[in-house]
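Next come two complexes built around subunit A: one with subunit B, the other with subunit C.
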Partner chain A sequence: MDFIEVKNVSKVFRINRRKSGVTGMLANLFVPKYEKKEAVKNLNFSIGQGEMVGFIGPNGAGKSTTIKMLSGILFPESGEITVGGFIPYKQRKTYVGSIGVVFGQKSQLQWDLPVIDSFELLKAIYRVPEGVYKKNLDRYTGMLDMGGFLNQPVRQLSLGQRMRADIVAALLHSPKIVFFDEPTIGVDVVGKETIRNFIRDLNRQDHVTMIFTTHDMQDIEKTCDRLIIIDKGSKVYDGTLPGIRERYGTTRQLDVEFVEHKEVAPIPKVEIIELDNNKKRFVFESHEVHINELMDHLLSHYNIRDINISEPEIESIIRKIYSGEYL
Partner chain B sequence: MIKLAPYLAYAKKCFLGRSAYRFDHLMNILSTCLQIFIFWGIYHALYGENTEVDGITLPMVATNFVLSMGLGAVFSTNDYFFPDKIHDGSIATELLRPISVPGRMIAENAGNALFNLIFRFTPALVLSILIIGISAPAGVGMFILFLISVLLGYGVLWAISFSVQMTAFWFVNVWSITTIKNVFINVLSGSMIPLWFMPGWMKGVLYLTPFSSIYFTPVQIYLGQLTYQEIALKCAVQGMWIILIYLAGDFLWKKGQKKLVVQGG
Partner chain C sequence: MRDIMHLVGVYTKTTARSWFQYRVDALLRSLAVFLRESTGVIVIYFTLLKFDNLNGWNIHELLFLYSLLFLTYGIMIIFFTGLRDFGRMVRSGNFDRFILRPRGLLFQLIFANADWFAAVGHGGLGLVLFVISAGKVGVIWNFKTVVYYLFAIMGGVLIQGAVFLFLATLNIYLFETSSLKELFYYNMRKFAGYPISIFHRAVQIIIIYIMPFAFVNYFPAQYLLRKEDMEGYPQIFLYLTPVVGVGMYLLAYLFWKFSIKYYKSSGN
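This part shows the complex of A and B:
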């Protein structure tokens, strides 16, 4: 059995449907209408110890709900979850001592207290031995370059600083598993890079198992080996990042600049798009049209100044998956 | 085995955090004193020339106010601690800690109560003794029993607050139900109208509710109105209420977690 096992898990929320305006308010007061929303539908996956998995999906896909079930906060409606031999929602108190969670949108620090005081409180709550605490604190604050603001109250920190403090807060007790729920949200480019490098180093050096949700594909590209995509509560992809290109990213585009303006005769299974006067774009599926043959054909029939082949960006593949083009 | 260190850390944090707002703190002492003096003034006027009414002397009434209102200030719990966490979704963070949430609530409230006892009750008590005077306890033994009963009374009050807070899982906004709870406690616990003056039938009913065991039982013990046998019985009743009400709250807590919705993403 794998370290993290999720089997046929579903979670349903009851949502109050309310019409707008005064009449809607009155109607809702007397006859409230509820609608069931399946946030997570029959989800299955397993993750091995030390893996680093990107968990992505559009807003409302059920990512955060899944993370909250994995971390013992929410009870699943049906199905089974085991993490490192624990059933998170049933053995919450013992289980959460071995995990760390970073919610990008919810700080776990004490708003009015200096960062270091929050850390001290966490040390007491998790009963972290003094030596381990000291070691972790020095190491992580060094890696994240936090020396400058440890004594500032949390409310005076910038978002990037607060996020780094939150990450350290989740790691002080040396958790075996860490869930990152949008840890780079609202952070600038430099800050994002620092956080990504930190997360990757931690995974490589300490073999901490990590699940990482984000909307920034660069986060995934720079940190994760494996990717799980969910949409409308169900899994739509589970595999490596190159794998997703193989499976969905079969479209290639060839931008050709001709020496002179010339009409190009139609080529089967290739879409030709007029760009500038001398430039044309040839779009095709790599498994339908052989790139060599296409190039041969073009080179032998036309005078060509420049050629440029490109694969689709991972971002655009993901966008297509979200918008349902591949379903 | 319950390990206490994390809970003590919470109690300490709460105790220290309270000293941050000095002005608020002074006003709290003042408000406790005012409350006591106003009620004492009313009863002083009502007594007029009489030294006692139904066998109850004015100093006894004053003692009741000073003790029950003073203790009320010590016991004041944050009834919105848990509802606020449901409301803004920070309950998620609470559940990530390897500790019991009710235990954490007890710890916070205990830290708070200790602060109130030292810095709010004591000054108010001294001022009250200097200005209106209260009866002395009915002996050392009775005073010790009184202290035990005070602790139990706090337990009852805490359990009620805990159970009401747990309804936030369903109602989210619990302002109204909390207000109703507080009105019941203020009126029926004898802290505004000493239960001696309630009509006989009502006294009978109130003795069957948890409210009379919060302040009135300790006050009666302090004044030496109860025999040892009665004290044992009343303290047992206090204990029973703590257990019953806590179990009800715990039931809501366990049931609520299953239907928890974490608000705000």
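This part shows the complex of A and C:
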């Protein structure tokens, strides 16, 4: 059995549908009407110990609900979840001592107090032995270059500094599994890079299992080996990052700059897009049109100054998956 | 146990330090609470200038009655701030963070937060009123009365804590219970500032049996002062405050225990 097992998990929320107006308010008070919303539908996956998995999907896809079920905040409606031998929502107190959760949008630090005070509080809450605490604190604050602001109140920190402090806060008790929920949101490019490097190093060195949700594909590309995409509560992809290119990224585009302006005769199964005066873009599926034949055709019929071929960005593939183009 | 005491210590240090970050602000806010709550006392004071006594209670006895109300609230709010703000915590998702920590949920709600402004404001007012009145109401402060008084305070704290816990638990089912708290708690407390014998029977029933503020201040004060209007109530009520407190708190606790399971399955 894998470290994390999610089997046939579903979660339905009942949403109170309010009617407007005074009569509607009264009606709602006595006969509330509920609408069912299936946040997660029959979800299955398993994750091995030490894996680093990117968990992505559009807003409202069920990511947060899944993370909440994995971390023990919510019960699943049906199905089973086990993490490291625990059933998160049944053995809460023992289970949560072995996990760390970073919510990018919600700090767990004491707003008015120096960062170090929050760390001391967490040390008491998690019963972290002095030696372990000291070791973790020195190591993580060193890796994240935090020495300069440990004694500053949290409210004075920049978003990037606060995020780093929040990450250390979630790791002080040496969790076996860490959930990162959008840990780079709102952070500048340099800050993002620091956080990504840290997360990757931690995963490689300590074999901490990590699940990482984000909307920034760069986060995933730089840290995760594996990617799970969910949409409308169901899993739509589970595999490696290069795998997603192989499976969906079959579109190629060829940008050609001609020596002089000239009409190009239509080519079967190739879309031709007019760019500037002398530039044209040829878009085609790599399994339908052979790149060599297309280039031969162009070179033999036209005078060409420059040619450039590109694969689609992961970002644009993901966008297409979200918008349902591949379903 | 040592571990629990240590954590309670760190929590208390943390909340007190947060409170003390802005010293002037902390003082002014406590003072604001103090003055706001004093208005009720001032009204009584002016009433008594006209009437001399209220159903046999003179001004010092009334202030003594009032002081119990505020002393118990001041102590209670140190522990029950988290329950007072529970509805807001659930809605903002901050309660989720408590679920993610390896400690009891109610334990965290009770110790992780303390509104020291309210505690100092209310408790300070209670203390001032007690100091003004305690020597002038004819109570002989000996071992027996002091022990009675301490138990009465504890009971009063538990009664109000139970109400806060109960209303917080209701939040799990209803969306918003702050108006209920306003209606049943803060409004009834205004009545409790007076000897309940001056009110209509219906109000008395509410304040004895439904929102039992009478056990927070009226009956304990009666035990110590023995005013004539006690005739209208069973003598046993003089001794019930700690029992009512523990009983109500246990009931509220069971309701909480039952409901918190439901919270996780509904996800609000």
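We adopt the following convention: the second predicted complex is superposed on the first by the 313 of 327 C-alpha atoms of A that agree within 3 Å, B and C clash if a C-alpha of one lies under 4 Å from a C-alpha of the other, contacts with A are read in each partner's own complex, and residues count from 1 in each chain.
Basically, a contact is a pair of C-beta atoms (placed from the backbone, for glycine too) under 8 Å apart; a residue touches a chain by one contact, two chains touch by 3 or more.
Keep in mind that what you see is a predicted model, and the values were worked out from it rather than measured.
K.L.:
With everything superposed onto subunit A, say whether subunit B and subunit C fit together or clash.
P.N.:
Here subunit B and subunit C cannot both sit on subunit A without a clash.
K.L.:
Is A:Pro153 touching the first partner subunit B, the second partner subunit C, both, or neither of them?
P.N.:
second
K.L.:
Once the structures are superposed on A, label A:Thr23 by its partner contacts, choosing first (subunit B), second (subunit C), both or neither.
P.N.:
After superposing on A, A:Thr23 lies clear of both subunit B and subunit C.
K.L.:
So in the superposed three-chain picture, is A:Asn303 touching just subunit B, just subunit C, both, or none of them (first/second/both/neither)?
P.N.:
A:Asn303: touches no partner chain.
K.L.:
Quick check for you: in the superposed arrangement, does A:Asp112 touch first (subunit B), second (subunit C), both or neither?
P.N.:
A:Asp112 sits against subunit B and subunit C alike.
K.L.:
Could you say whether A:Lys11 touches subunit B, subunit C, both of them, or neither, answering first, second, both or neither?
P.N.:
Only subunit C; A:Lys11 stays clear of subunit B.
K.L.:
Where on subunit A do the contacts from subunit B and from subunit C line up?
P.N.:
Looking at subunit A, the two contact sets intersect at 13, 68, 71-75, 89, 92-94, 96-97, 99, 101, 106, 108, 110, 112, 121, 124-127.
K.L.:
For the complex, give me every residue of subunit A touching subunit B.
P.N.:
13, 64, 68, 71-75, 89, 92-97, 99, 101, 103, 105-106, 108, 110, 112, 121, 124-127
K.L.:
Spell out the residues on subunit A that touch subunit C in their complex, using ranges where they run on.
P.N.:
Listed in rising order, the residues of subunit A that touch subunit C are 11, 13-14, 65, 68, 71-75, 77, 89, 92-94, 96-97, 99, 101, 106, 108, 110-113, 117, 120-121, 124-127, 153.
K.L.:
Which residues of subunit B touch subunit A once you look at their complex with the stated criterion?
P.N.:
3, 5-6, 8-10, 13, 17, 20, 89-93, 95-100, 257-262, 264-265
K.L.:
Write out the stretch or stretches of subunit C touching subunit A in their complex.
P.N.:
Interface residues on subunit C, with respect to subunit A: 3, 6-7, 10-11, 14, 17-18, 21-22, 93-94, 96-97, 99-104, 264-267.
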